[in-house]
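Next, two complexes with chain A in common: one pairs it with chain B, the other with chain C.
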Partner chain A sequence: MSRFIARRLLIALFQLLGLVLLVFFAMRILPADPVARLVGMNATRDAYLASQHALGLDRPIWVQLGSYLGVLPGSHGLLEGDLGTSWVSGSSVASELRHRLPVTIELISISFVLAFLISVPLGMLCAIRPGGVADSATFAYSLFAGSQPVFWWGLLFIYIFFGQLGWAPPPLGRLNPMSTPPPFVTGFISVDSLLAENMGAFWDGLHHLMLPVATQAFVLTGPIIKMVRQNMVRVLGADYVLYARASGLAPSRIAGVALKNALAPALTLLGVLYGYILGGAVLIETVFSLPGIGQYAVQSVLDFDYPAIEGVVLVIAAISLFVYLALDVVHAVLDPRLAA
Partner chain B sequence: MSEALEFAGAGTGGDARARFRQPMPDLLFRLGLGVVMLSMVLMLIGPWLAPYDIGRPSEEIGQPPPALAAVPGLLVDVVTGETHPSIHWFGTDDSGLDVFSRVLAAPRTDVVIAVGANVVSLVLGSLLGLLGGAGRPWMAGLVMRVSDLVQAFPVFITGMILVTLAGRSNTTIILTLALLYTPIYVRLTRAEVLTQRQRGFVDAARALGKSEAAIALRHVLPNALAPSLIQASVTIGFAILLTAGLSFVGAGVRPPTPEWGLMIAAGADQMVQGEWWPSLFPGLAISLTVFGYAAFGNGLERRYAA
Partner chain C sequence: MDLRRRMFLGAGAATAGVRLIEPRTARGAEQQLLYLAEDVPAGLDYDGPSASTNTSQVGFLNLLEPLVGYPSGPTNAEGIRTLDFTKFEGRLVESWDYDAATLTWTLHLRRGVKSCAGNIFSADDVIFTFARAKSASGATPVGWFLGSVASVKGFTRDVLHGGDKSLGDAVTKVDDYTVQIRQSEPNHLFLTALAIYGLSPFDSQELKKHVTPEDPWGHTYVNTVNAPGFGAYCLERWTKGDEFVLRANPDYYRGKPAIDRVVIKKVPQSANRALTLRAGEAQLTQHLTAREFDGLRKARGVTVAGVYGNETLFLNLNFKTPPFDNPKLRQAFAAAMPYAQIAQIGYAGQARKWDAHFTSVLNGYVKPATQYARDVEKAKQLLTEAGFPGGKGLEKYADSLKLTYVAERESQLGPIATVIRSALQDAAIQLQLDPLPQTEFKTRSLVKKDLPMSLLDTEKPVGPDVVYATMLFFVSPAAGGINNMANYANPDVDRLFAALRGENDPAKRLAMLTDMQETIQRDLAWIPTLETKTQWAFNDKLHGITWYPDNGLRFFDLHLDA
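Now for the complex of A and B:
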């Protein structure tokens, strides 16, 4: 088992290194001029050169890479966990991400749990009678939900639940702008507000998450239902289910046993989905003005803020790889044949 | 053997696949086919069907669409040739552009990008997949590792970075999406190539003395394309979603091009304030189109698998 984890970790590390190098070179090969973007169109040649020098972009590309990685003497870099300094705000990318990431993780994780809780019973319902009315309807729903523009549904929900019904707060961030946020400990508003015993902020935070989570969870139910259904249909056709049925076990007991076996292979796909949504959180964060990593990514891309872009890609890829790995480990624990 | 099959059938309620052949998926498949055909037609002639100039604003700013009750009457008027000076079926946006015209004209951007990206990645991906399945071991290994690496990138953010830094244009979006989707086709083709290589016709061609390269290209590849072609329908839908998403956050097509994602973004503030039509209709178009492509692809998959 530990060899399995070690091997996977090593592969993940190489993948991350490959990603860093690819992003680093891609940004310098593509015909974009970050210096011109920073100093503006009307800057003098001297100002341009000074800015270029200040950013270190006048150095040879290998020196830039060396100092980014932190292998040059006297430079702090990636190998020490230093993601560099934002060219626009001047503050450390790592600390900016530290504040942004929890917002996104909180949003995505709650949406995932909610989507999962909705999808598993629906997927099972389909699998118990494949081809039945419930199956056809749920199948059409999952195909529909899985192919929807999440940003448009967010706007639609805002129009209905904020504009018309007034149930939701205005889509302007994580908390009511007039209230004082709880002190930053973990960055997760729900956790921090509980730690500060600030129940007002806790409920306000959940209230602000209502629509973004509903939107994200709606879109997520599509692929998850499909996945649960497929695996359930496969498992219900297995010999041990037939045996259980022949032994006269109640259908609900059989379904329970089958579910456990159906969910194990589904874990891998959940991991892939989590990584995908983490990168795609941009859209929902833009619609609801949530200060998460997605908004940070858009801003840094539009500003040509290279260190920030590198940081975002690296952190998102690292989290995705870590989630795959963790789920593979869980999967291998459930099914020891895989680790062999 | 047949006894065992029958027995298994009794337990599970028949072969699950046979049971898929139900009216509902068939209806979905037809709906999907209709949407796919409509989107292709609009891609070709959409801008010419637009009743208003898609780039020139009219005097009416932020005009709502006609009330639902008035629509049948207006339709009759149009058919009988009675002209109204200003029917904006979907209303006008806050700069006075006709929403209906722009929704019709947008496939020229959205669908062209989505289809273009998938054609490029399908060609590239199946050739690389052939190499990954039938090439020399070191080459196959290299193709698969690179393909893994590309898939490890977060799709949306990578798309944003590449499109923005390479200069926002339709060509860069097509190439970026093609890069991101190629690994999907590499994987599908490779898996199918590995199966097809075991078939008798490969041995027969080899016995006739054909070279390995000729066998791979002429015999294995055409037989290994079906899964990729089916996947293409679903992926074209997702490419439309991605294109619209990129444009929505400002990292895709440039305004004022008629494009669904841009139109939704332009109407977003009004939507919050209660003017629903500038964003609603382009969003409906995306929703229906992507769903249609997914349903079509899914129907194909069932037919092919059955």
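Now for the complex of A and C:
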């Protein structure tokens, strides 16, 4: 198993390096100039040139790459773990990501856990009696949930649950904006508030997370239910399940065996969805004013903030690769032949 | 807030141990303001990379105090206070003298002004700030730019090309409360430049604690941590991309601000800003769509008010790109523009036809005699006189007849561009719409200046003076023009601009100002289209909103009813 993991990590390293180079050059061939964005419309030509020099954009592209990677004498760069400094905010990209990433990870992870907890029993229920009432109702629900993009559901939920019913707090981020957040330790509000023994912030955080998580989970459950249902139907029709039934095993035990085999493809879907949702979190973050990595990524692209774009791509890719690796390990545990 | 929501949130808040958002009650008798914004400051350095964004400017505008400002002007019918740009009043500078013989300004500084860090304002802070500006060490040297606008000695273009970056004797300390600034030439824009945020003094004692050998002017600290100054507010908390929290400076020299704490919260969706304000959960917001502002006008407890300041919409036709070098064609465009229809469709009526190249609030504004109005028959006649009868011959210029605008602002500018295209079609002028990504648009507007035709609504002079605006937009680059996107060049305008900078006689100034504005209007340097209102939506308990030419709010001006 350790060789399997080491091999995958090595491949992931090369994938990341390739991605870094691709993004570095792709940004620079686009017909836009980040300096123009920075200096504003009323800048003189001289001020423009001064800014261009300050950002190092007047240097040859290979020198810029060497500087970014940190291979030039006296430069600090990616190879030392330095993601650079944002051209827009002047802050280190690593520190900005450290504040932004937990917001998104917390939202998405809780949404995935919730979606998984809802989807698996529902999928199993549908699979037990395909075409039954539960199956038809779930099919209609998953079709309904997947029929509109997540931001549309978000706006609708805000209108209903905040605007009309008043059950949810205003869509103003992770906490009541007039309150004082717990000291930053991990960046996860739920964890940091517990560490600070600030139960007010903890419950307030959950309250503010309620609607975005519900929105994200509402959209996520559709495809997961379908996947679990399909796999359960397939597995329940397999010879070994028929044999288990004929042997008189208890239905709960048969369901457990079937679920274990049905979960593997569902886990793959979860992994793919996790990376996809992480990269596209901007929609739900924008709707609920959550200062996560999705908003940061889009703003960086709009600003042509090269160091920030490169940092975001690198981090999202690294997380996606880590998730895929973790799934491979889980698969290997479920089916040891894969690790061979 | 309706009873059902109040009960639910009240119970929730009690359970969770958090407060509801109430303007006065959160900390005893404190007044608090929740301002929902598109973004919070990305940096606090006016010489830094985010200085040109309005959402960043709000940060340093409230933390720093300018040397001079403008006295209050009339309050308009909607309750928005304006300023009188024909006069200056002292801020950190209490009074000043000017010696024309030696081109020297003597500034008498205000005594007893205390910063958020507890330091007393003195001449050292002014010297430090001007030296920092002259160093041109920030990513965007705004301080140097304003110094050059004011003709401060040594603030020349050479500074940016390896020239002397030391302050020398340009700004000298006479005593702790007196500073002298020398100019290189007579320049009427001196005080105008000093009133702009980019020369607001830092608390040098505090900032020097955070400088490093690599960053001797503390740009990193100011961009990422705090802008120590003598403003009405002090920084309490700042999470980039999320929130920016200010606390009233108890020692502010004009008195402690009425609102003790201001929370600026980023809410990117304008619909959510409107909904939250309508629900009574916030007190102030802006940058909503015309429809959202309209919807809030009818909401209980919410006021929508605005002012015609310096926000405009205009068509930029590049003189270097045929056929826009043809004066008759430019006039045909002006006669074909659907002014009233754009005001209705793009701004829900909160805009009016722009009769000049300068807005009427600017110091020195004179309404030109030459006027253009929507008249399709006249447009067709002008088109014929331009050599394109019935639009024939224009097909050769298909590449130029592409109306570009910022694609990210499609929801606002797209319908306006469509209306313009349709209206020009009535006059036999065929256009194509060509939205461009923001960064590409700015590159071509600012750096290359090669966009043949563009629709713009973000150009506003932060110096509220016709001469300053002329320098920005209409003076040729050779004569010191800065952002002349239309590549407009008229030697008469260049000459009048140069003369106006040094002329102090009011009668002569008026004659020259009139002549200059008339010339620009006659030449149609732009196709001025609309003056648009700068608007705010706010809880009707909030008062005191004042319009400034940088369009940034000063929270010191505001107060909430008990």
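Structural remarks
In the analysis below, the second predicted complex is superposed on the first by the 334 of 340 C-alpha atoms of A that agree within 3 Å, B and C clash if a C-alpha of one lies under 4 Å from a C-alpha of the other, contacts with A are read in each partner's own complex, and residues count from 1 in each chain.
The definition used in the following text is that a contact is a pair of C-beta atoms (placed from the backbone, for glycine too) under 8 Å apart; a residue touches a chain by one contact, two chains touch by 3 or more.
In this text, all values refer to a predicted model and were calculated from it rather than measured experimentally.
The superposed arrangement places chain B and chain C in clashing positions on chain A.
In the superposed model, A:Asp204 lies in contact with chain C only, and not with chain B.
In the superposed model, A:Ala26 makes contact with chain B only, not with chain C.
Of the two partner chains placed around the shared chain by superposition, chain C is the only one that A:Tyr48 touches, whereas chain B remains out of contact. Once the two complexes are overlaid on the shared chain, A:Pro183 sits clear of chain B and of chain C alike. In the superposition on chain A, contact is made by A:Val233 with chain B only, not with chain C. Once the two complexes are overlaid on the shared chain, A:Gly256 sits clear of chain B and of chain C alike. In the superposition on chain A, contact is made by A:Gly279 with chain B only, not with chain C. Contact with both chain B and chain C is seen for A:Val287 once the two complexes are overlaid on the shared chain.
In the superposed model, A:Pro121 lies in contact with neither chain B nor chain C. Comparing which residues of chain A touch chain B with which touch chain C, the overlap comprises 30-32, 155, 158-159, 162-163, 170-171, 286-287, 302, 304.
Listing the residues of chain A that touch chain C in their complex gives 30-51, 54-55, 87-91, 96, 99-100, 155, 158-159, 162-163, 165-167, 169-173, 175-180, 199-201, 203-204, 207, 286-287, 289, 291, 295-296, 299, 302-304. Taken together, the chain C residues at the contact with chain A in this complex read 1-2, 4-6, 8-9, 12, 15-19, 21, 26, 32, 34, 36, 42-43, 45, 48-53, 136, 138-141, 144-145, 157, 160-161, 219-220, 223-224, 237, 239-243, 263, 265-269, 271-272, 275-276, 279, 281-282, 408, 437-440, 442-443, 445-447, 458-459, 462, 472, 477, 482-483. Residues of chain A that touch chain B in their complex: 15, 18-19, 22-23, 26-27, 30-32, 129-131, 135-137, 139-140, 143-144, 146-152, 155-156, 158-159, 162-164, 170-171, 233-234, 236-237, 241-242, 245-246, 275-276, 278-280, 282-283, 286-287, 297-298, 301-302, 304, 309, 312-313, 316-317, 320-321. Within the complex formed with chain A, the chain B residues making contact are 8, 11-13, 16, 19-20, 22-25, 28, 148-149, 152-158, 160-162, 164-167, 237-238, 241, 244-245, 248-251, 261, 264, 268, 271-274, 276, 279-280, 283, 286-287, 290-291, 293-295, 298.
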